Every structure is written in structure tokens, then in C-alpha cells.
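You will see two complexes here that share chain A, one where it goes with chain B and one where it goes with chain C.
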Partner chain A sequence: MSRTLRLARVLLSVQYAYMLEYRAEIALWALSGLLPLIMLALWSGAAAAADLSLSPAELTRYFLAAFVVRQFTVVWVIHIFEEDALQGRLSPYLLQPLHPFWRYLASHIAEQATRVPFVLAIVLAVWLLGAGASGWPPPSTWLLGLLVTHLAFLLRFLLQSVITMACFWSERAAALDRLLLIPYLFLSGLVAPLEAFPPGLRRLAAATPFPSMVDFPARLLSGGEVDLLGGLATMAAWIALLLPLYLLLWRAGLRRYAAMGA
Partner chain B sequence: MGRYLRTLREFWSSSLAIELEYPANALIELLSVLGNLAGSVVVLALFYCRGHGLGGWSWDEALVVLGIYTLLDGFTSTLLQPNLGAIVNHVRTGSLDFVLLKPIDSQVWLSARCFSPWGLPGVLAGLALIVLAAGRAGATPSLLTLLGTILLLLCSALILYSLWFVLAATSIWFVKVWNATEVLRSTLVAGRFPVSAYPPALRTLFTLVLPVAFLTTVPAEAILGRATIPWVLASLGMAMASLGLSRGLWRHALRYYTSASS
Partner chain C sequence: MAIIHARGLGKSFRVADKMPGLGGTLRHFFARRLKDIPAVRDVSFTIESGEVVGFLGANGAGKTTTLKMLTGLIEPSAGEVEVAGFRPFRRQAAFLRTITLVMGQKQQLIWDLPPLDSLRVNAAVYGISEPEARRRIDELAEMLELGEELRRPVRKLSLGQRMKAELLASLLHRPSVLFLDEPTLGLDVNAQVRVREFLADYNRRTGATVLLTSHYMGDITALCQRVLLIHQGQLFYDGSLQELTQQLAPYREVCCDLGAVYPPEAFRGFGELESLAGHRVRLLVSRDQLTGTISRLLSTFPVLDLEVSDPPVEEIIGRLFREAAVA
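Right, the complex of A and B next:
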């Protein structure tokens, strides 16, 4: 137990120091996730917004929350893993008595920690620009929301890790991420609240893990009405499905690993 | 001039040969273009459901804007991303030295060395959507209108190129600006919708600071026969000014280039 704690502390602090080196870049990354705010600008002026069950203030809160969720669920493991596998950096990691999964997970969490000030600054700016009038839910609500956001990150990380295993079979597997991004973009609730969807499309979205990654945490975070237990159960079910799949593919892929490069 | 054309042919045929080593990418790119297009059309449809409008544009007219966005996105994947995305690496590893020594203009070499055929599905899909939607919107363009539209599309491409190049050229000073182009790409997503759909403050921003309006809305108005002389002139002026800026900045930046490593 104490070994695990020490390991986690060292991994996280090393990765945090490493990420701080790149803070200017991370500020730019934070800016590149502005899509929910662009969509907020569109929806707040669109006549179609009148048909939604959300009031303008709720809509503002929803997209602001979706922006925060998006910022803390950014996953890039497939790109770094592809590079590590192609350049042979994976080989020394494999010799260490620690599954590389944890190393990548720690670097993502450390990167999120460096993001906090930029995200706060952007949220504050939007707030001062007029969203402030829409109010903010009580602390208990958004603390729970942040916790669920973290769960959403884990789910997304796991899903991309499963796709990442294709790196063992192909040299350009990172291109698959572009395909994964499409349903994430359009079905997760990032570009429109799910109730704006026609019923058929909404059922289709609900059958995928994507609404759990943005819609559910953003709704919690913005203090909307949610089925908390149902949402959590859906997330748990997806994680329970993806985790064994990941382990299975990892073992199959490792047998094919040719240790290219150095 | 003839020398440049001959070199260009050699450049593009060699990079085509490299890219064709990965035929599976063609399928991924095709799926990604179709998926993105389908998703964008669905999101646009959400704004138009139950007879609502968006920024005073009809459904078919808005589809023309989306078609131009798809066309420009394909252009980005074909030429801008593979070439200008590589400048950062040339600066970081010092291989820019070899580019500067070649008996050809360095900006031309850096901007046209690679050609990725994977953006072509986007270009074709964009063109098809423009023709289809403009026809349904009742546009019967005369020869003059058509020539004007092509001219404005060229202006869009030049503005887009200059924006990318200016950002990539700043890597001479900042070295790691790979993300800056990513920010640009994600902000230009705003061009999927007619600029009049945004609130007034953003509309000004998207016209003067980040010329999204000139990229998609102005050419779309031209093909629909609604172009006005001031906007055409502004677009031409913007294209010339940004091209001049990219040229001037590059010549200025080279004075600060100090090579790297070894």
C-alpha cells in the first residue's frame, strides 16, 4: 500500500514538473477547446433555442460546464504511445515493474493540473462578459460534477487506450483517433444539448458511451436535472466492458511488439 | 517560373509516392470526411428544425457555407497541414539550414514541398455540396458571377494560407508553436456557419481579427449572387495584405534564425 502511494506521488510530481515546462503550449491547448463556447454563441442567438426545454440562463450554464468538462477530459494517449512504440521508447518502460498504463495516466492527470489556471481564467472571462447573470449552482452540486468529470476522463482514457492497442499492428494507428473523434464531437453533447436532437438520434447517442463523457457531467456541473444513479451505472458498465478488452488486447499486442528503433 | 513548376512536379510526385505507401489511410480519411460532413449537416439541421432560421440564411444557403468550409478544410489537409506543420520541426532540429541553402525561395519550398492526397476527398465533397446546395437555393450564376466566386475562393485560400504561415513562422522565435496552428484550426470551425448567425461582437471579431467571414461567408454570398462590390474589394485587400504580411514576416524572421543543435 505504502509502495503504491509513494509510486503515485513520485509519478505525478515528476510528470507535473515535466508538464510545467510546457505551460505556454498548454495555454494554447486550452484555447483550442473553445468549441462549446462558439456553439454557445450560436445557440444563444438561434431561434431554434426557443424550442428547447432549457432557459437561456440554463443553456449558458450548460455550455460553460461542457467547456470545463472538455478541458479536463482531453486525452492524447494514442499519439504519444504511437511515438513511443515507433521510436523504441516503450522498451525500457516494459522492463520496469510498472504497467506503462499508469505512466500515461499520470501524465494526463498532471497535464490537467497545469491547465487549471487557464481554464479558470477563461471561465472568469466568459463570466464577466455576461454569463454571470445566469447564476451558479451550490458547491455540493459542482463538487459532485467535478468528481463525475474525472470519471468521464477515465472512461475516455480507457476507450482511447483500447484503440491505441492498434499501434501494435500498424505504424499509423494514431489516424484512428480522427475517426473516434467524430462520434465524440457530434454525439456527446459538445455541439448541442442532447434534447435538441430528434428522438431517433437521441436514442442512438444514448447507446454509445459518448454522452457519458460530456452531457452527463456537464449537466451535473451546471446544476440541471439528471438521473444520477442511472448515469453512474452507465459509466460503470462501459468501464467494466472496456477494461477487460484493454487487458486482452494489451497481452495480444505485446506478443507482436518488435521493439523498433533504439 | 518554368523551373519552379518543374520542381513542384517533382516535389508532389515524390510525396505522393510516399503517401501511397499507406493505402489504409485513404479509407480512414474518406470515412473521416464523410463522418464530419454528416455530423455538420445534422448539427446545422438542428438549427433549422420546425421552420426556424439561422442568421437570416435559408437552409440551402447555409449548406453552401458548409460546402465552402469543407472545401477549405480539404485544402488545409492537402497542403497547409503537411507543409506548414513541418516548419516547427525544421526549426527545432535545425534542418531549416538545408532548406535555406537550396537554390529556390525558402518560403516556396516550405509551403509546397509536400502534397497529401488525403485531403482531396474533402475538396471533392465540398465542391459537390456547393454545386448541389447552390442549385437548390435557386442560384443561376452568370459567367461573371462564377469567375468572381472562383476569385473569392482563391482569396479565401490565400488568407487561410497566410494565417497558417504567419503562425508557423513565429516558431523561429518561439520554437514550439505546433499548437498555435491547432488553435487556428479549431477556431476556424466557426466558419461552418454564416457569420451573421453570431452575436454582433463576435461578428466584428470574425471579420476584422480572425477573418472567418472572408473565408466562407463572402464566397458563399458571391455564388448566391448577393456579393457587393465593397465586400469583394475588402476580400481582395485582405488577401493581398495577409500575403504581404506573411512574406514580410518571413524575411524579417529569417534574420533571427540562429540554427539549432549539432
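Right, the complex of A and C next:
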């Protein structure tokens, strides 16, 4: 156990040091994730906002929470894995007694840690602007919300890791992730709370893992009404489905790995 | 005791077969044709524990593909391979702790951080305690003449320093089987010599088995008594380097500095003309005619200086590969 903890500590600290080398780039990434705040501005001024079952303050809290969730659920493993597989950098990882999955996971967590100051600054700026900042849920809800946000990250990481396995069959698998971006944006709750969707579209969204990635943790963080156990059970079910699928595809993919460029 | 067994090892890669031009591109887009290219065919050998073996072949001969199969990076299409009692492709943790692969043209060190950070990760991955890791790093750094370079970002290191740091990272877990793919590629002569000395020393100290590919014959002659020669995916020599050179070099090289410039025809009957540059001529002369040829050279030409040596090993092997390609 202590060996595992030490490995996690070393991996995270080294990856954090690596990410700090790219802090300026990460600040720009954080800024590029402003979509929920843009959507907040759009919804706040739109007549359609009246049709939502949310008050202006609830709407502000939701999109601010969605911004935070989005910042801590950004996943780019497919892009880095594709490059590593094509350029042969995966080979040294495969020769060490540690599944490469953990390295990529550690680099994502380290990148999230690097984002924290930028995200806090943006949240504080929006907070100080004041719109709807009153009535925030208690810290216990925040803590639970952050925990669920990390579960949402794990789910998104697993989903993209499954798609990443296509890199063993195709040299341009990252295009698949771009294909998934549209349903992710619309069905996750990033452009509008799912409550604003027509019932049919809401049922369609509920059949995908996307609402668990933004809508559920954002509503929890913003103090909205949620079915906590139902939401957690949905996340657990998706994780239970994706994890064995990932392992199965990993084993099959390795048989096709040609260690190009190595 | 044999530590590496390869029996009938083969690997084919499926590649796209595309004709050039727009027509070929369109045909390829709608009806992709694939073909299997054999990279390694029916290769068998065994390597004893503690041996240092050179693995030679031209570019694309199948050396690196064989190394990838021996390390478990790729699955063989045919045959069997066993390293230290393990099937490499299963990549069991115990197997991965036993081996290392150093690729001269690839790096495992994190580019923007000092090598010490990558070494910390490697120590944690292999479960080496922090004090033990520090002791091993100090020991290997001393052997490799590395000091404060370990605290500088990798991108700021010279190629030689980077290669030595790569070696350190690859050997931190004390592997007993080393696969080295062009470990001195791109290094200057001094750095090549230091890396060779380090590898020889490591082999002496630990009794590790080494399989080494290199384009520099200096690496092979300095480290290996035995060589494997591979050509077009097939093994065609497995034996001692000394026997190979004796068998393939019944010639000696005679190099003369002359007092005047002569045309190439003037050296007809004095062995095989290897090169003629101004006053300097290099001839390959059969060993049994060496004395007679030298006397005739001295009596025919104004010889200022004369040197007799064995032809370089790379020339012998290059000749062998050329002959194999013609055959």
C-alpha cells in the first residue's frame, strides 16, 4: 500500500512539475473553457429564459458550477496517446511494470492542479460581478459536488480512453473524439440545463453518459435539486461498463501495436 | 545456461499497397489494398547468460523488429521466444523488471524536466526505496561521469549527456538482460568510447546479458565476441567475430604513400585497388601473396611509406552484405 502511495505521490509531483512548465498554455486552456459563462450571458438576456424552471440566480449558479465542472473534467488523453503511439513514445511506457493508463491519469490530475489558480480567479471575478452569487449551498454540498465532479472526470477519462484504443487500429483516431464533441456539448448540459430540454430530448440525454459529466455535478454544486443516489448509481454503472471494455480493447489493441517509430 | 531462446521467430507487418498518382490515390481511397511484408523470417538463436552479442544488419534487415519481439513490445507472427524464462509478449511485471531496452534514437526521459525527476519516477515504478535509488543513481552517475547534468532540464543537455542519462534511467532497476538498439547513435567519438567502456564495465560488474545493435563497428569490436548477422529478415551468421573476420578476410590492406602520382592501371597485378587519392594508394592483397607483392611494390614504385593492416571490420561486413544482396 505504501509503495502504491509513494508511486502516486511521485507520479503526481513530477507530472505537476512538468505541467508548471506549461502554465501559460494552461491559463489559455482555462480561458478557452468559458463556454458555460458565455451561455450564461446568452440565457440571461434571452426571452426564452423565462421558460426555464430556474430563477436568474439559480441559472447563474448553474452555469458558474458548470464552468467549474468543465474545468476539472477536461480530458485530452486521446490526443497525447495518439502522438505517443505514432512516435514510439508508448514503447518505453510498455516496458515498465506500470500500466500506461496510470501515467496518463496522473498527468490529467496534475494538469487540473495547475488550473486551480486560474479557475479560482475566474470564479471570483464572476462572483464579484455579483449576478446571482447569493444563496450558495453550504460547504458540505460543495465538497460533495467536488467529489462528484472528480467522478465525472473519471467517467469522461474512461470514455475517452475507450475511444483512444482506436489508435491501435487507426492512425487518426483523435477524429472520433471530435465527432463525440457535439453530442457531449448538447447532451451534457453545457449549453443549457437539461431541465430546459423537451422531455424526448431529455430522455435521449439520460440514455447517454453525458449528463453525468456536467449536468449532475453542476446541479449538485449549485445547490439544485438532484437525485443523489440515482445520479451516483448511473455514474457507477457507466464506469462498470467502460472499465472492462477499456481493458478488453487494450489487450486486443496491443496485439496490433507495431511500436512504430521506436 | 541460455537466457534467450528464439525458435523460428517471424514477424510480418500488414501495409497499404498504394500506386502513385491521382488514380492510385482514388483507387486506394475506395478499395484499399493491403499486403503482408515479412520483416523477420525463421530466426533461431540462443544467448547464454552473461554473453555480450552484437546484432548486425543493414537498415531494414530486421534487427529492431527482432529486439521488439524479444522485449515483448510486439507479438511474433510465428515461432517462439523466451527471455529469462518468460514469454516476452505477456509482459509480466517480473519479466519487465528483468530487462531493459535502450533505443539510441528514442528517449524515455521527460524532455522539460531534469533527468533526476524521471529517475524518481522510475525508482517508484520499480519499487526501489528512496535511499537505495539515491545509492544506485550515485553509483551509475559515477560510472557514467554524470554530475550536475542530472539536475539540468533534459532539453539543455548535449546528445552525449542525454544518452548517458538515458542509460542511467534504463539501468536503475538493475536489469539482467540488456537490449541496446544503437546506443551510441549520433555521439561523437569520445562519447562513444565512454559509453562502450561503461557497458563493458556494467557487464563485468553485474554479469548482465547484452544484445547490441549498432552501425558503429567500434561498438561491436569493443564489446562483442559473438555476432549475429541478419539480412532481409533472415539470420545468416551466428558465431565469433574473430572467426568471421578470418573467414571473410583472407586479405590484408596495404597502404602506400608514393613519391609520384600514378594512374589506376599502374597497380594492375598488385592486388585489388581499394582507393587511389593522389600519392596515396590502398590495396587489398591476398595473405599468401603479401610478401611478394610488397617486394614488387618497393621495386616498382618510389615508396615513401608503407603500412600493412587488417581491413576494417565494417568493410568486411559491408562486403558480405553486398554479396548477400547480389545472391
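Assume the second predicted complex is superposed on the first by the 258 of 262 C-alpha atoms of A that agree within 3 Å, B and C clash if a C-alpha of one lies under 4 Å from a C-alpha of the other, contacts with A are read in each partner's own complex, and residues count from 1 in each chain.
FYI, a contact is a pair of C-beta atoms (placed from the backbone, for glycine too) under 8 Å apart; a residue touches a chain by one contact, two chains touch by 3 or more.
Note that the structure is predicted; figures quoted are calculated from it, not measured.
Asks: Report the partner of chain A that touches more of its residues: chain B or chain C.
Replies: Larger number of chain A residues touched: B.
Asks: Looking at the overlay, does A:Ile38 come into contact with chain B only (first), chain C only (second), both, or neither?
Replies: first
Asks: Is A:Leu185 contacted by the first partner chain B, the second partner chain C, both or neither?
Replies: Touch partner of A:Leu185: chain B, not chain C.
Asks: Considering only touches as defined above, state whether A:Trp169 meets chain B (first), chain C (second), both or neither.
Replies: Neither: A:Trp169 stays clear of chain B and chain C.
Asks: Return first, second, both or neither, reflecting whether A:Leu94 touches chain B, chain C, both chains, or no partner chain.
Replies: A:Leu94 sits against chain C, while chain B stays out of touch.
Asks: Any idea which chain C residues touch chain A in the complex?
Replies: 13, 64, 68, 71-75, 91, 93, 96-97, 99-101, 103, 106-108, 110, 112-113, 117-118, 120-127
Asks: So in the complex, the part of chain A that touches chain B is made up of which residues?
Replies: Checking each residue of chain A against chain B gives 22, 24-25, 28-29, 31-35, 38, 41-42, 44-48, 50-51, 170-172, 175-176, 178-179, 182-183, 185-186, 191-192, 196-198, 201.
Asks: Contact residues on chain A for chain C in the complex?
Replies: Checking each residue of chain A against chain C gives 3, 6-7, 9-11, 14, 17-18, 21, 88-89, 91-92, 94-98, 254-255, 257-259, 261-262.
Asks: If you look only at chain B, which of its residues touch chain A in the complex?
Replies: Residues of chain B touching chain A: 22, 24-25, 28-29, 31-32, 35-36, 39, 42-43, 46-50, 52-55, 174, 176-180, 182-183, 185-187, 189-190, 193, 197-199, 202.
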